[in-house]
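What follows is a pair of complexes built around chain A, which joins chain B in one and chain C in the other.
After this line comes the complex of A and B, so read on.
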């Protein structure tokens, strides 16, 4: 383990990533600027099809909105959970942490399936509504945007909760005591002391949730169904059903670019807020 | 202790109520799936009209569920190979980054973690194009290559965290006492970073087992993967065997989680 030769240990991963990660992505970019998947001729057709088509633009905007709504919904529930975790004793702390990790370890397909059972015509919510007399016939929840957002709230919540818990766990309890004993109300202490310190976790969580919800193909297609149009389903459709690979590539890159732009904006926002 | 004012109490109450809803939403669906998997009904009715093991029996029926078994075995094989390759690649890279002060190490670390931020669906499509361009027919090895790219950053983070806490003096002592680099690695480095390596292998395994975006494009009729098969079963006729399969997966994940938590403190490692 000589200091000067140790860099060679990183070589296998660097080579593997160049071959199996970087090269495919470059081919993806190349294909989007070609007439067909064999890269016979350069062409802007795929990008015209992607960006010049109002249906595709609508799908893109729907996808970005879905990601944003998932961030709002997960924040609304994960922030109180993180605060409770901060105030809780070791036993409750452990329970909250396990609750956050358990969904993460049950596959996305299982989590999506559980929401079919909950949102379906004879599912948990409709049974409860009819039993309590709030509804006389089943309410359509599957294949609606609110249903999909509710499902994504659970499916993506660990990605918000774990970074938040990591950030709030580092907050020194003495700071809170100081704020409160100086006469700060609970709300004021949360806003002025806890929120600024938890912000890096919030930004990290928002980035992960946005990226994951916007590209959650299985949840979108199974719970959203055919009536709601999102870009990941269009990518799959173009690649595996229509076999128009240049258009599929242009769509995938549009999705990737939008997600990376939002992630970049969020990280700038987090940095700006910390300096303010 | 100071006295809570009325407004403070209201704020605390709202926080606790929202946290309770959050907890319910996190845990509820998992429990509901477990209960549903024992339903006697052919429909996904909740609460189930009666409880039986029929869907588990059907799931484990070697003839009627043969396709599911093939997909499950493929997934387990790919996940095992992915865990091995991702952990090996990540351990080397993490040691290199942790033991180097030069600026390139920070840059390399960022590049190594890049697959984390990239939408999986774009990478899945890119892999399909790449392998088809190389005229590679679908095979489980291609799936291992794709899954490894997605899984390595998880392993890199856990091994990296362990390697960063390693005392350099121990390595120097080992070398001064005449141990070869390999012996130092086996006897000193590996035991020190073992919790990170084990956690990394576990996370890589789970990430491969659950992978959808890469399998979506790289799997085929011969190399069917479990999540893709289950997705197909959900899209077409809703098959209650999916609930039984979910029951098996949830139980497996829970047992693994408890074991890993006991062994290497996984819950602690995942929240940093």
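After this line comes the complex of A and C, so read on.
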């Protein structure tokens, strides 16, 4: 195959993307700058409603914070697992990988509703707490931010663990032996050898978890409930119940832009750290 | 729920397979009808669709969509209707009229129209089921509440599941609460003040579709809903009872409409006519479907606090032409008052 013809391989996907993603996205941008969804007249009202309203800005910040907390929680749990995977024999490696993929095999709706059964007033956690005498009355878990983060940590875990394992699996064990034999302590080896080499996987995982948790409409509304406000639910409400499509479009674009900015910052961080 | 659905799908496909041996000659007409997901979808697929096929040779396929999703989908389609028949509650019905989504409706094309009470069909569509809205509670956990006001007392508030103005039953329940607190159909201030006060102790604030699951899981023991949901949950073993508030239960009708530009208008009329016919309404009013019939010849089920649709005029009703313009503002305000 000639070198300069290779780009044609990307043509079908590029065309599909242009047709089914780029064109609707342009329509979305157009709608956000119009008075109604028929684009009758140009107007900045929707953007004023979105950006000039402290409630909407709070919803946006809550959404970004939720994404960030999900990244922190999944990282804290995934890193030890990835290290265990590095040290494990082939059998245990397979078990860890299977456990990582398993949640992906159930629908997100099923996973989300299972968390109602776990976190509810009469759920598994509360029953255990009361049975063991650690609590006398049910603890509020469902419809609280900690409960939502707990659920998202499980739901999003594969997105962190898989890229991380992919990165750590490529680390040459000889590098670790070299570090230790040169007098590096275990912690120093982790920090100076493993971490820099695993960083691309960590950054990729963080980006995926952040984008997925920040936009997890079903989990946010079902587990989070109406007292926690996140932007995806506001977009749905504006589009489907209030019928204000321009505001829904402005909100959707704000969410998309914010998530993209965080993803961009993460990728810069990954690149910067590698060169440092 | 899913199993039943799969079974009815199976029955439907078996029906299709058996067709060559059925009545020969007439061409089968295909049409699409929007239907609420869940109970409605199951009931209409199991009761209405086979009858329509058998009697009129119409093959109906269902598009399961909530009322607001039907309106959104029809608007997004911009003139090419995605389905032939809407099924809507009063709020979305008024939106549909405002957006010009329906064909003008001619009730004389419904041979069965005589079974409907006066005023149950108009220039926009016809009523096909009623809904009675009040308070549902778990009799094993809380005493029977006397009325809407009770929901704000600590023993009920801490067990209460709240849902906002996004649905018809949610909106009219909240309006009834506002009235019991000194407000009115147009004045929600007393309601919002009380909601703000009980917000930290309320058991859940959730999407309407999540309420039944939260009740089943024991997260909430009190909610506002219709008799249909109460009967359905109890038939599945959930301890739940319906309380008619002291100020009266609220009632409204669910209506069907023919989509503007529908190319199957004749079939659509037959579909609606079959839906209101006595045999279909009788089956739908009984277990396991528990619809509230609009047909004068059919007696409502035991949970419905009326013996005939004629009694619906004694129930609290609401003016959606007044409510709809105010609703967007209430939805926003509910979000804000309930936040964090």
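Here, the second predicted complex is superposed on the first by the 263 of 276 C-alpha atoms of A that agree within 3 Å, B and C clash if a C-alpha of one lies under 4 Å from a C-alpha of the other, contacts with A are read in each partner's own complex, and residues count from 1 in each chain.
Throughout what follows, a contact is a pair of C-beta atoms (placed from the backbone, for glycine too) under 8 Å apart; a residue touches a chain by one contact, two chains touch by 3 or more.
It should be emphasised that the depicted structure is a prediction, and the values quoted were computed from it without experimental measurement.
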{"item": "Side-by-side fit of chain B and chain C on chain A, or clash", "value": "clash"}
{"item": "Touched partner set for A:78, first chain B, second chain C, both or neither", "value": "first"}
{"item": "Contacts of A:123 with chain B and chain C, given as first, second, both or neither", "value": "both"}
{"item": "First, second, both or neither for A:91, with chain B first and chain C second", "value": "neither"}
{"item": "First (chain B), second (chain C), both or neither touched by A:8", "value": "first"}
{"item": "Touched partner set for A:101, first chain B, second chain C, both or neither", "value": "first"}
{"item": "Winner by number of chain A residues touched, once chain B and chain C are compared", "value": "B"}
{"item": "First, second, both or neither for A:239, with chain B first and chain C second", "value": "both"}
{"item": "Residue range of chain B overlapping chain C upon superposition on chain A, of 60-68, 96-104 or 168-176", "value": "60-68"}
{"item": "Overlap of the chain B and chain C footprints on chain A, listed as residue numbers", "value": "37, 113, 116-117, 120, 122-123, 221-222, 239-240"}
{"item": "Interface residues, chain A side, partner chain C - complex", "value": "37, 55, 58, 113, 116-117, 120-123, 142-143, 221-222, 225-229, 234, 237, 239-244"}
{"item": "Contact footprint of chain A on chain B as seen in their complex", "value": "2, 4-5, 7-8, 11-12, 14-19, 21-23, 25-30, 32-33, 36, 43-47, 88-90, 92-93, 95-97, 99-100, 104-105, 108, 111-112, 114-115, 117-123, 125-130, 132-133, 145-146, 148-149, 152, 171, 174-175, 181, 184-185, 189, 206, 209-210, 212-213, 216-217, 227, 230-231, 234-235, 238, 242-243, 245-246, 249-250, 253-254, 256-257, 266-267, 270-272"}
{"item": "Interface residues, chain C side, partner chain A - complex", "value": "68-69, 71-72, 75, 95, 162-164, 166, 199, 203-207, 210, 213-214, 217-219, 328, 331-332, 334-336, 338-340"}
{"item": "List of chain A residues in touch with chain B within their complex", "value": "1-3, 6-14, 16-17, 20-21, 23-25, 27-28, 31, 37, 76-81, 83-84, 94, 96-118, 120, 122-124, 127, 153-154, 157-158, 161-162, 165-166, 169, 180-181, 185-187, 190, 207, 211, 214-215, 217-218, 221-222, 232, 235-236, 239-240, 245, 248-249, 252-253, 255-256, 259-260, 263"}
